[in-house]
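First chain A sits with chain B, and in the next complex the same chain sits with chain C.
Our next item is the complex of A and B:
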């Protein structure tokens, strides 16, 4: 089987694409790459369209290298990757809806993001005695994002769940076309509200790679602080919310308090609870002062004081463990096949973390562990979050101790270029692909949320569980609807 | 667990923590809200939230209203699961084409009298998504809006203030 390097050699390298190489390939090499991914030697990181071109980002886990392959399709058709490698199927359906490019022999001909067709959506069937269906969504009982779930159940047991997404499609990638960098950064931050910093960072890093800019060291550390605050807030919120879905409201209440304290500290340091409009291409828009550092110091001390008791409470409550242990098991083989990122992958044996695997500053100078488990159940996904809260606290302390002095912004020039960037959000790896023109306008910006490779796995993890455990499993995945639908 | 329950009984609630400017504001707000809600709705207002294309940031801040700092239920304001139980429809997002029908159906399922509150900049006029062919560009394009709470996202206290304003207008 060929390596990523071999595949790249088959193609024609494209100049001015940073930091990973990009190669124009023919249909045969395209299919060879798909087969190599299907074989498990490469991980599919993304698949997106452009004007009459399809691009595919691939990661070679062993070599630690990544690349983008591009295939011209002047007749608007390209060989389906999903035919060989199922994780690509939804990406190809979206690509067909958005760009009118046809993945030839894609196993699923149905639309995905485009809901405009008048006919009812043909859900997959499940046949057998005493099966019935439950339709849920897009408007849910709680305060959550919209999506539709079609359950086929036998009594209490789920036989099949099928997701239907696309309800929050806002046309972000189309709005990106022709936008100036400032507007692009604003849009990127609003892809998924809980990952504001992750998207702002991924976009900024893509711009900086395309323009070959290096933000000042202080800005890199402040970005790190923002990213870890975001991770803390989300993980604390999730740990509580998962327990709440198992009807253990006490954890929810206490974790909610800690989450609120993180958001207030973020507001105190950067002027916005979710740190919106704080991180920009070239650096950060807001510096942190001594008062801000004192707030962070107090926050870390506070969480360190209160969190261990909550972890003990989680671990010692048998009725709660009864719900989370062995529920919604995601098999490691599936996590690996789909390249599942974040706590979903790490709870199922895929110890991938962009901060470590494709280390970017400031993480290349910091000490931290990438926790990983193999059980793959709801409990494992909770424990990964617990361990990551501890790691984030330590990272915040390290960054505060080493925070360099100096400016926080570097001037952003304009010139054409192409780039790709990947950062670790709280949910997993966020990928951004960017092409800029001479005036510094965005020609094309593709944003790929980690949820693309996590949503399909939720369908697999819920099989054989009871209907009442679906909210629990769903919350333990906590996939993004907005990030997925764009 | 016993320890946590005992602490809950013996420690003062967070909502009455030592006063800071923000907490004082919250206390004053609570008093006004209680008077208004009691007079007009018998101390209860049921809210149904619908995400019509938000990035989820507004939902996070609406969620925060339920935490111990804001504890929205002490004012008689509560989130309900069905539009049939709701007085207020709290809508976020620029109203995507794909959510428009679901939003209209939710509105139509609510009994009268009913009010609509649009939360966030994009619910107001589409925000940074205005001009996209995939969105209507604001909640008012789909259902009649009684009040808009701007912000991206509005912090919990602003949402609470907005709801108070609505109660005073009723």
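Our next item is the complex of A and C:
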């Protein structure tokens, strides 16, 4: 079978695409790449459209290299990747809705993001005696994002869950078109509120790669601090929320307090609880002062003092363990096939973390572990989060100790270029592909949330579980609606 | 004739008012304690009264395809639960309806309330109502036999299923320490938790449609219908706590024909018992996670077994 290198050689290399190579390929090579991904030798990172061109980002796990393949489709048709490699199906359905490019022989002809069709959405059928359907959402009883779930159940046992998303589509990629960099950074940051820093960082790194800028070292470290604060806040919130979905409110209350302290520390250091508008292409908008560092120091000490007791409480509460252990098992083979990122992948044996696998500064200079488990149940996803909280605390300490002095911003020039960037958000790998024109305007910006590959896995993980365990499994995945719907 | 009945009538009337007026306070108290245990401020103690008044004032939105059953059920449930709660001796045993305060009658009243609620849950035809009803009936199919077993234990010991008699007997030294009574207490606690939709069987505060039991059945209700259903739920919690207090800690109950002072003392003792029970419930609920739905039968099965064993033990020890 061909390697990523072999596939790239078949195509015509595109100049000015950084940092990964991009090649224009023909339909035959495109299909060969799809077949290689289907074989499990390459991981699909993204599939998106442009004006009459489709792009596909692929990762070679073994070599640690990635590349973008592009196929021209002047007749608005291209050979389906999803036909060979199922993780691409939803991406292709979204691509058809957004760009009108038809994936030929795609197994699923239904629309995905586009809800404008008058006819009711045809859900997949599951037939049999005593099966019935439960429709949940898009508006839920709790204050969460909107999404519809269609359950087919046999008594209490789930036979199938099908997701229907797209309710929070805001047209972000269209708004990006023609936007100035400053506006683009604002838009990227607002894709998903809980991943503000991750998206801002991914966008900034894409801009810097396209313009060949190098942000000052101090800015890189401050970005790292922001990213780890965001991870801490979300993981702490998730650990509590998962326990709350098993009606164990005590963990929720105590984790909520810790999460609040992280957010307040972020506000104290950077002037915004979610660190919005703090990270810019070229550096960071806000420097951290001695008072901010003292806040972070106090925060790390505080969490280190209180978190172990919560971990112990989680581990020693038998009634809670009874709910989380062995429910919602995601098989490692599926996690690998879909290239699941974040805690979803790492709890199912896919030890992929962008900070380690395709390291970017400042993580290339720091010591940390990438925790990984193989059980793939709700409990494993909680434990990955617990371990990552500990790693984030250690990373924050290391970054504070090594924080270089100097400026925090470089001037951003304008020139044409193309780039791709991938960073590790709390949920998993966020991918951004960017093309800039001569004036520094955005021609096309594609943002791919890790949830694209996690949502379908939730459907697989819930199969055979009971209906009442769905909220628990769903919370342990905690996929993004907004990041997915764009 | 009238003057002979009057004290009983007065006490009975007072009891009916007390349970009705006290039950929202008990619910509010349990919520408050739970909130404080979670380091939250919690709603004020009187919040549940305000919620009920607010719901009473609001328009009741009823699904278009709802039948008369859907409309009538809340009142039926409320009436049945109120009567049942009024039958349990709370602060005095000399109730006018004492002769009818039979444990089996109380179970029957609660059973019919549940039957109608399960029907109403399915009436509108939403999937959540159906899920809730099916789960409720599954729980009831084990909770009710367990409750009957508990009644048998009490009846075998006290020689009557009448609560006043049972309570009076429990205050005499003739009771002694009995294993079967301990079993009955544990079984009754389990049944009470399941019947009142508390953690670990159900979560009264959940917002997750897919995990609800009781809340799923009343999901379609609003306005005054919801108000009486909520009040009935509060009454039921009070009923079970009163029942446990009346049978297992009957001290302080004013006997028939006692003076005013004894009645007031009985009232104070009752309120004390009630809030202690509520406090323990809140502590228990905070320290445990909800169990998987298919584990509920195991939990209630244990209650049923305890009841059965207790009855068996009594029979065996009697023949010795």
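In this text, the second predicted complex is superposed on the first by the 486 of 486 C-alpha atoms of A that agree within 3 Å, B and C clash if a C-alpha of one lies under 4 Å from a C-alpha of the other, contacts with A are read in each partner's own complex, and residues count from 1 in each chain.
In this section, contacts are C-beta pairs under 8 Å (C-beta built on N, C-alpha and C of every residue); 3 or more make two chains touch, one makes a residue touch a chain.
What you see is a predicted model; the values in this text were computed from it and never measured.
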{"item": "Which of chain B and chain C A:276 touches, first, second, both or neither", "value": "first"}
{"item": "Touching partner for A:257 - first (chain B), second (chain C), both, neither", "value": "both"}
{"item": "Partner chain(s) touched by A:141 [first = chain B, second = chain C, both, neither]", "value": "both"}
{"item": "Chain B versus chain C as contact partner of A:171, first or second or both or neither", "value": "first"}
{"item": "Contacts of A:317 with chain B and chain C, given as first, second, both or neither", "value": "both"}
{"item": "Chain B versus chain C as contact partner of A:243, first or second or both or neither", "value": "second"}
{"item": "Contacts of A:294 with chain B and chain C, given as first, second, both or neither", "value": "neither"}
{"item": "Per-residue touch tally on chain A - higher for chain B or for chain C", "value": "B"}
{"item": "Partner chain(s) touched by A:333 [first = chain B, second = chain C, both, neither]", "value": "neither"}
{"item": "Partner chain in contact with A:124 - chain B first, chain C second, else both or neither", "value": "neither"}
{"item": "Footprint overlap on chain A, comparing chain B with chain C", "value": "141-142, 250, 253-254, 257, 317"}
{"item": "Touching residues (chain side chain A, partner chain B) in the complex", "value": "115-116, 138-139, 141-146, 166-172, 174-175, 183, 186-187, 190-194, 196, 237, 250, 253-254, 256-257, 259-260, 263, 267, 273-274, 276, 309, 313, 316-317, 480-482, 485"}
{"item": "Complex contacts: residues of chain B adjacent to chain A", "value": "1, 3-5, 14, 49-64, 66-69, 79, 81-83, 93-94, 96-99, 102, 105-106, 122, 127-129, 131-135, 152-153, 155"}
{"item": "Complex contact set, residues of chain C against chain A", "value": "34, 37-40, 127-128, 130-131, 134, 199-200, 203, 205-211, 286-295"}
{"item": "Touching residues (chain side chain A, partner chain C) in the complex", "value": "132-136, 140-142, 155-156, 243, 245-250, 252-254, 257, 317, 319-320, 322-323, 327, 466-471"}
